[in-house]
Every structure is written in structure tokens, then in C-alpha cells.
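Multiple structures follow.
What follows is subunit A paired twice: with subunit B in the first complex and subunit C in the second.
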Partner chain A sequence: MAQGKFCNREKVDTLEQLQALLNDKGGGQYYKEMQDLDVDTDLLWATLQKTLKEKSRIKAWLEICAHCGMCSDSCFLYLANNKDPEQVPSYKIQSTLGQLYKRKGKVDNAFMQMCMDTAWSKCTCCNRCGMYCPFGIDMGIMFSYLRGLCFQQGFVPWEMKIGSGMHRVFRAQMDVTTEDWVETCEWMAEEYEEDWPGLKIPIEKVGADIMYTVNAREPKHYPEDLAEAAILFHLAGEDWTVPEEGWEETSLAMFAGDWEACKMQVQSVYDAMERLKPKRMVVTECGHAYRATVIEGPYWCGLKTGQPPVESLHYVEWVAEVLRNGKLKIDPAKKIKEPVTLQDSCNYIRNAGLAEYTREIMSYIAEDFREMSPNKDHNFCCGGGGGFNGIGRYRKQRNAGLKVKRDQILQTGAKLVIAPCHNCWDAIRDLEEVFEVGIRWSFLKPLLVEMVEVPEHLKPQEEEV
Partner chain B sequence: MYELVTGPLAWLAFGIFFIGVTVRAVLYIRGLDWQMDRVAYKPHRIHGLKGAVNSIVSWLIPYGTRSWRFYPFFTLMVFVFHIGLLFTPIFLEGHNILLKERFGFSLWSISQPTADVLTIGMMTAAFFILLRRYALPEVRILTTWYDYTVLAIAVAPFLTGFLAAHQIGNYQFWLITHILAGEIMLIAIPFTKLSHFILFFLSRAQLGMDYGIKRGGMKRKRGMAW
Partner chain C sequence: MATVEFKGKSFDVDEDGFITDYNQWNEEWVEYVKEQEGIDEMTDEHKLVIKVLQEYYEKNGIAPMVRVLSKLTKFKLKHIYELFPSGPGKGACKMAGLPKPTGCV
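And now, the complex of A and B:
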């Protein structure tokens, strides 16, 4: 029994380690090494004592669970897997964390692998079960906690280890350096300036009204998203900026249970806030990014108010605001005419209370908006949250879980799904790929750019001619 | 025997119950940790209080939450069970006569037929709850001997009390057994899952504060729709 070269308890803190891990394609060797990874039972028990035994919340949850099973139907994975009893949330947490605690951390490799598989492939930490338990037992929170224990022991899916390593090395979920980021901003501003006279992406401006932050996927793979954000800020006449560093909101570290890296990542954003002193921060259309940086981040960084250093808005809050105050106006002729539905992201709807903001947006942009059922705070996870989308080892389980969202969408009769969240967007794209039900999906930005009225002086030059 | 179970043993049982429940409550509250739980309890007391009250009240109302409505029959059983469990012993005429004799005061009491209805209702509900544990795979997988024991501890005082009150069989035997069973339940409350007698309120309050303070409480126009 030992520590592997890739699969071990070490954190990925250098580019070399990260590169080596990436070179192990698909984690072949990584998972092979996991078979021999030893469990540091003393460390496990010490951690459990400090964070569970001496605290009351999770301890009480584990103790008082009445085994009533009322959480079962709340779980989309239970529903998607033909009501498999082993998918009952209470069972999943009692048989993993519950046993870990009962056995005082004296568990073996196979048990830890089972914990890992359960924590990452049978729960997306959507927190829906907590709403259906009479005692308010939130199994999503406990699974997130369990992920932390697994991570500490090195029992973590390959992609998650890489993800947390990315945050440690790049302060971003992908290998996007400060130079890459700045260049992408400049490139996008140049690229679109001709169509949108005066368009700028102001970098590192002190004292702006809005500091805009993104998901690293945007500069890396979808730079036009950044351009669209710029166009909408530009049209709304906002005084905005992006930080040179601390621009990344996401946190694969949160999905991985790497709390140390969570803090590092979020701190980089808070440092940007301190440096640039914006009035407010706006986060792109990403659910977990907002959850990590705005909702959970203050606690990781020890901010006793539980609030980030400056007021922070999810993109949907900003959009609702500018549509409400008329800074952006929708051209009535361009409103969405076809039936359209909306995906509620668990991370900023159930877990941050923004359901009414997205409805407000829909009232401005859609003529035939159709709610999914259930919706708002009671929505089902898209099927890809909590890192589920990105883990090769669990692709089959992820695909099976997409059924619930598929059926919800089909029931609305809408062919267009607005998904203002990267994970939801991916899951819905993948469910179309897997099930071919003939739906389309979109973020808000591209739709808005097509729909907003452009003031005369800001009109694209081609149209002026 | 009667003197023993209604004297020293009764004092012991009530002592353990009251002290135990208080200790559980104090330990729970002291064991909350704003950074571990990631809920800023102190700086946002009002939001926390609102969330906690909403969280508790919604769940105390029969069919007051989506989850209660989702399982209509089970919910009925849960409420019948708990109402019988809590109301019968406190407002039973016999218990209040004892209270008057021993301490010189008594509470408002319910009639014998009312007590019978509550007791039979409670026991019937317990039967269906038990049946449900066998019948539903999603509940069966969760069930252990512990769950049966706890249910037995809760039902025993009612069954024995009912038999004693209606003088079915040996009155003296059932009376003593009833008192003992009641004492066992009181003692079991702080030490077993029955601690949800108090922890239900605290755990509900905690999640209510979590949602009221951190997870959207300041953004939702109305409180969380449980």
C-alpha cells in the first residue's frame, strides 16, 4: 500500500505536476494507482473529530435521520434510475459518511473508493433533498463535506484533481494566464469594435461602477461570450471593467472538495475588488461560479459578515435591472415568439434565491414563456451539476441522470431552453446529443444582443451607411 | 412497586428528560460554527430569525410544505402519530389528577373518549408507519433494528396505558408497565433519535437560518417556499 505518482494525498501546486497529471490521458495510471492508495485513518479520524464530532450540524443530521425516506423522490438520480433504493439520498449519505463516522475513520481503500463514487456520481450537491426532509437534513451539504474528506485522502476523480490543481496554479479552472486573458479581452474588443463603434473592454480600471468577472471557459473556448457581455454593457452605457487578475469566478476546487484551493481562488477575486474598488461586481452566466465566489467564498476567506467585499450580482440580476430601468430595451418585434422554457440553476436559484429575477427577464424577452415543473427553488438539477458533467469515469451515470431534465423540458412543449449557467448549458447540450429530442439551448447574452434596441449613435457602422 | 415507579424512578426519569433535553439544546447551539456551517448567524439575526420561524412553522402545519403534500397519506399518519403522542399524556385527565395530588396544580384536560381517539389514532398511525417500513423499498433500505426499537419505545406507553385505562387484563400489571414504559421513553429522548423532540426545532431553525441568511434569504421577496 502506498502513495501513487499521480494518485496521492499531495496537492497539485506546480505546473509540472499539473502537466504530468494531464499527460496521464483519461487518468489510466491514476485510477490504477488508486487501487493501491492507502488510507490515512488517523488523519481521517482527526479531521472527523474536529469538523464533525465537535460540531453539531452534521452530527445531528446523521443522528436524527428518522429513516422515513421522504428524501427519496426529491432526488433526480433516484428518479432517473428507476427508483433504485440505493439512490435514496439518506441511504447514500448514511452508507458513506455515516459509516465513516461510525467506524471512526477506520476504513479501507475499497470503502474510500465507494465513497468517492457515491460522492461524485450519485450526488450533484444540488441540495434539493434538504428541502424535502422534515428535519431539514441537507444531504448535499454532507456530500460536499464528504468530498472534502475524500480529497484529503487522495480519493478524488482525476478531472477534479486536475481542476483543483488548475486553480492552484493558474487561479482559473483552465490554463489561462494573465497574458492570455488580457490578450483575449483586447482581441475581442478589436474584433467587434467595427460593428459596435466605441466598444471597449476596459481592463483594470479603478473605481468603475461594475467589475465584471467570468468563467475561464469563456476566454478559453467561447471568447464571443466576452464580446457579447461587452456589447451589452456598452449598449447599457455602463461604466465597467475587468480585472487583470482575479477575473475567474468558477471553482472546480469546490466540486473537488479542495477547500484550501477554494480560498485561494476566491481570494484572488476579492483582492481584485480591493484593488479596483468597483461599486459592484457582476458575475457571468454561471451558477457555481456565483455560488463559490458570492455565496460560499466569504466563509472560506473568513469574512464574518458572510458577504463578499463589494456587492455582487449574478448576471441575471444585472439583466433584470437594466431591462427594468430601461438602460436596455427589447425591440418588441424581436421578442422570442416561439415557446421557450428556462432552466433554473440550483446554485443561484435554490441556493441563492434569484428565481424572480429570471422570471422578470422572461417577462421582457419572451411572448410564450413556459415554466418547467417543478421550478424555481424546487427545480431539478440539470443533471450535470457539481462536477458531474466533467468526469469521464461517470459519463454513463451522468447520461442516465439527464432523463429527468429531458422529460421536464419536453413537457413544456418548448424547443428552446434558456440556460443562464455553464453547467446547465452543457448538460442540456449533452442531453440533446444523447437523446436527440430536437431542442435548442442558449445563454441569455446571445439572445439579448439580437433583441435589444440599439441607440442611433451606437448603431453598427454598416447600418449607418 | 407502584411507590417505586411513581416515586424515585419518576423523579429520575423526569430529571434525566429535562436535563438531557436542555443539554442537547445547549450543546447543539454551542456546536454551531459560522465558518464550518458557512452561515453568518450573528451579523444577520433578523434574517436568521425570519428564516428559522418560516422553516419551523411551515413544517408544523399539516400539508404546509411541498414535501408533506407529496406524501399525503404518510403525512396524515405522521401528524396523527405526533399529535397523539404529545397531546394525550399532557392533557389526559388521569395524569392531571396525579399532577394536582402531587403538586397542587393541573392543566386543562381532555375527556376520556377524546384521549381514546387520540391514542387509538396514534397506535394505528404507528402500525401504518411500521407497515410502510416493510412495504416500500426506499424505506426498507434505510430501516435498521434501531428504528423498530425507537418506534416500540414510543408506542409502549400508549398501548399499556390504553390497556390499563380500560382495565383489559390485569390492571395493576398494565399500570406499572405503563408507568415504566413512559419513564423509559422519557429517558430515551435525550439519548436516542427521539432527541428530535428538541432537535427537530433546532435543526429546522438552522436550515431556516441558512436559507434566510446565506442561501437567498436577502434576495427572495417572500421567504423560502418549503
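And now, the complex of A and C:
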């Protein structure tokens, strides 16, 4: 069989295709079909020649790796798996992408399945190895590239194919339409207005100071996150808005290696920026959303500046700013008294250098802040990045990898972990579920809502009596 | 695939403990998840959430947005969390026999 009904080289561009894939629960049929999926070796080699050019960094990296092994201990999956030599980053990339190139794309089904399993279950694209390689070889970047080759050939985990299909159909990683989004914003403003008089979620306002963008999971499954963002903007007196379209900043397409959908998705956010002309954009507490839209996106869209159309901030930059300039003030009596630690998201700490912003926030809100070790740019991945959390096929491997983060957290002695990233938040929630070590986890927003001083005129009515 | 045995009934579950065959859903499953989720007592309100989730899923093949759930049950978001502390996307869907939502959840 060349291509399956579900597992194939076709892109998921229609709701019908998406629905059919979803109905194949857990990808049962999908993975069966993958056993027979052929490899289009001509296409693979043509793509390699086109994208792995002479003097490209990935090609240079493949060639100059000295197999010194310095990257070994940098990888949390190597550490979590009893230093298994097959988990050494250089081995993982040389045995997959390196071989693909050496064999000029002449590989078989079993090889492609091995590439898929390696690219999605042995690397979260956290890029930590790149900091320890004497040549600066970044295997995370190379694995992202390998994911693209796997995606093109149809060797991609079921949930990732669905994720990229969602972006193609809905311009969001979940089935949230423009109407759904707008209605959810209106609903949240209405429901929370009882406690926060005057609360609004301004939609599609032109020329606001801030355009706020989110993760589709917020309107779909956790709308309180959106309400909390609105409350904090409201209390800080910000002039803000959300776009009607182009509000989704995440990119499962990036995790899936669907390069075409990466561009489609991020372009919708840039279009919103052009349409609404905000002074700045702020994205919710998500790591990979920031990476996709602020770091990688400009290149996907061919923006010569390498920057998004308007200045773009991660949520932690905004929080640090308003605490610093006094737009939000923390009630000293409500600061966190118990020991608390902080998860550094790879995507905006290691890959965007925002570590000091989160430390600044901690200095305002916590009395006993305890750093994990290592931390900041050197922190380990939460254990669930790069799509790892969301792929059922690799649950055992993901859970094994969580041990490193569990031990880091336990060593701090803190029972509360602040995780300003959805992926990290999920991984820490899951590690508690798996290991039952007695920790709690939180985004910044719910903590801040409880801690900030509320100006008299914005206080809930019952407190005015 | 793992199997859960509870009160004489058997359920095939995925790696996150969601049932893989919607047809296996029954009252015993509800009771099983209730204990897991730490819900003290199943009220008519819990049952209404389950019913709405199932009706939507049977029609659309996917879990509804929380907004839809709130509209159809007339429950406020805070109340949905009171009923299902781990949230509508996890606990309630699991109890209703829906598959685990895909994506970043």
C-alpha cells in the first residue's frame, strides 16, 4: 500500500478530513496504516537538496560534529534514562538526519518510523545541548528540521497531524471559530463583571496600546485564564484589545513540522497587527507561542527585520513592567510566604533571554523564592515540551523524562511551582499525577489576581458596603 | 492498551485513563471516575454536565468549548469547576466517556 486513508502525505485542509482523523480514536487505524506507508525517496532527497544547502548551518553542524560527547549530560532525556548512549544528542541526530543525508534519502519505512520516534520522543527541541557543544551545534534546531522531513513523508504522530490540521482549518490549534472566540470573550467579561465592576474585553479595537493574544486552549478549555488577563489589564488601567481574528499565537504546526501551516498561522497574527495597529503585542503565559510568533515567525513569513510587525512582549515582560512602574501593586500582606520555585520555560528563557524578568516578578511577589538548580538559561525542559505532553504513543517515555524536573523541584524544598507556560504547567501537573510528590503548580495570573491591591473605584461592590 | 476493572465491569482505557470505546461507558465508569476525581457525591448537576457533553460529542465527534457547556447547562464557569475540580476539559470529559482532548491541554 502506498498511502493510507488517515496516514499519508496529504495535508489536513478540510473539516471533513479533520473529523475523520479525530474519529480514529488514539490513531489506532492511523498507526496500523503507517506500517505500510511507503517513502517517497525522490521527494525526500529533492527536499534535502533544496533545504540542506552548502554552507547552511545544519549541514555544517552535521559535518563538524566531533562526537566528543559533551552534549550527553546536557540532555534531560539522557539523564532520565540511565545515561543510555542512544539518548546522547549527537547520536540521536547523526543516526537519523545524518543517515538520511548520507543515504541521499534512500531509506525505508522502518527507518522513517525510527526517525519519527526519535524526533518526537527523544528530543523536545529545548535546545539545551546547543549551550554545551564546543561547536555550538544545536540539536534542537536540527530535530525541528527533521520533524519537517518526517511530516512531509507522513511519518508524524497522530495528535501532531491533527494539531497542524486544526491550524489549517481554524487558524488555531483547536476547533475555535471566530464566533466562538468572540462569544467566549463576551461571556467571560460578563461573568466576571459582577466581581470586577467595569470589566471589559475590548474586541478588535484599532490603535490600542496592547493587542493581547492567547493559546486556543484558553477559550476552548480554560476560559478563566482569559478573564484573569482581563482583570489584570483592567486593574493596571491598560488600553488593550484582542483581535477578532489572529488571536491564536500558538503553533502545533511548529511541533508537527508542518512548515506551510506554521507560516499560515503566524501570518494571521501579523495580519491582526497590521489591521489593528497596536503599539505593542502581549502574549499569554505560553512558551512556544512566543517562540513561534516572536522568534521564528518573522523568518517563516520572510520579514527582513527578523521581528514581528509590532514590538512583541511575553506576558512576563508585561507583568515585570507594570510591577516596576506601579500600575499594579502587590499587597505586602498577600505576598507568597511559603517557599516557592519557578519553572524557566525553554522557549522564552533559554531561547529569548527573559530570565531576569521572571526573577524581577518573583522579587515582588514571593518572600521565600527558591531557584531550581540549574536555572535560567541552563534550566532543564519541564519534560513535556515540543509536543511531548500531547502524544499518547510516547506517554511512557514522557513520564520517564519527568523524573529530572521532579527531582529539581524536590531539591528546592518548595511545594508551590510557578510555571508561566502552558506546556510546563501541564508537565508539572502530570508529574504530580504520576509521582504524587505533593506539589502544587500555578500560572502567574491567578496568583496576581489574589495579590494585587485593588484601587477603591474598581473594588467589587460588596466590599464597598 | 490498559484495562480498568471496576465493580465487575471492564473498560479499555488510553494512556491517560480515558475510555477508548465510547460504547463501554456506563454508570460504573461514572462511579470509578468520581472516586478518582475526588467528587463526594454525584448530583443532578453533575449528571446534566455529563448528558450535555455526551449529546454534543455524539453529534459533533469532539468535546464542546466550555462556553457551549455553560450555555447548555446554564451553569457559570465557577460552578462547573465546583462540580469538576480538575476542569471541564479533563475530569468532566473523562467521566462522560469522551476521548482525551487533543492539543495542548
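What we mean here is this: the second predicted complex is superposed on the first by the 461 of 465 C-alpha atoms of A that agree within 3 Å, B and C clash if a C-alpha of one lies under 4 Å from a C-alpha of the other, contacts with A are read in each partner's own complex, and residues count from 1 in each chain.
Going forward, contacts are C-beta pairs under 8 Å (C-beta built on N, C-alpha and C of every residue); 3 or more make two chains touch, one makes a residue touch a chain.
Please read these numbers as outputs of a predicted model, since none were measured by experiment.
Asker: Superposed on subunit A, are subunit B and subunit C clashing or fitting side by side?
Answerer: fit
Asker: Tell me which partner A:Met131 touches in the superposition: subunit B (first), subunit C (second), both or neither.
Answerer: A:Met131 sits against subunit B, while subunit C stays out of touch.
Asker: After superposition on the shared chain, which partner residues are touched by A:Thr184: those of subunit B (first), subunit C (second), both, or neither?
Answerer: After superposition on chain A, A:Thr184 lies in contact with subunit C alone.
Asker: Between subunit B (first) and subunit C (second), which does A:Thr241 come into contact with in this model arrangement: first, second, both, or neither?
Answerer: Neither: A:Thr241 stays clear of subunit B and subunit C.
Asker: Between subunit B (first) and subunit C (second), which, if any, makes contact with A:Asn375: first, second, both or neither?
Answerer: It touches nothing on subunit B or subunit C.
Asker: Based on the superposed arrangement, let me know which partner A:Ser268 touches: subunit B (first), subunit C (second), both, or neither?
Answerer: neither
Asker: Could you let me know whether more residues of subunit A are touched by subunit B or by subunit C?
Answerer: Looking at subunit B versus subunit C, the one contacting more residues of subunit A is B.
Asker: After the superposition on A, what does A:His221 contact: first (subunit B), second (subunit C), both or neither?
Answerer: second
Asker: By the touch definition at the top of the document, which applies to A:Gln343: first (subunit B), second (subunit C), both, or neither?
Answerer: Once the two structures are laid over each other on A, A:Gln343 reaches no partner at all.
Asker: In whole Å, how close do subunit B and subunit C get at the C-alpha level once superposed?
Answerer: 23
Asker: If you lay the two complexes on top of each other, which residues of subunit A touch subunit B in one and subunit C in the other?
Answerer: Common interface on subunit A, subunit B vs subunit C: nothing in common.
Asker: In the complex formed with subunit C, which residues of subunit A make contact?
Answerer: 19, 22-23, 25-26, 159, 162-163, 166, 173-176, 180, 183-184, 187-188, 191, 215-217, 219-224, 227, 250, 252, 389-390, 392, 395-396, 422-423, 426
Asker: With touch defined as at the start, can you tell me which subunit A residues reach subunit B in the complex?
Answerer: Residues 51, 54-57, 59-61, 63-70, 72-74, 78, 83, 85-86, 88, 90-91, 94, 130-138, 295-296, 298-299, 302, 304-307, 350-357, 374, 376-378.
Asker: Applying the document's contact rule, which stretches of subunit C touch subunit A when the two form their complex?
Answerer: Counting only subunit C, the residues touching subunit A are 14-16, 20, 61-62, 65-67, 70, 76-78, 81, 87-89, 99-105.
Asker: Under the touch definition given earlier, write down the residues of subunit B that touch subunit A in their complex.
Answerer: 27-40, 42-44, 55, 59, 66-68, 70-71, 74, 78, 133, 136-144, 147, 193, 195-196, 199-200, 202-204, 206-208, 210-211, 213-221, 224-226
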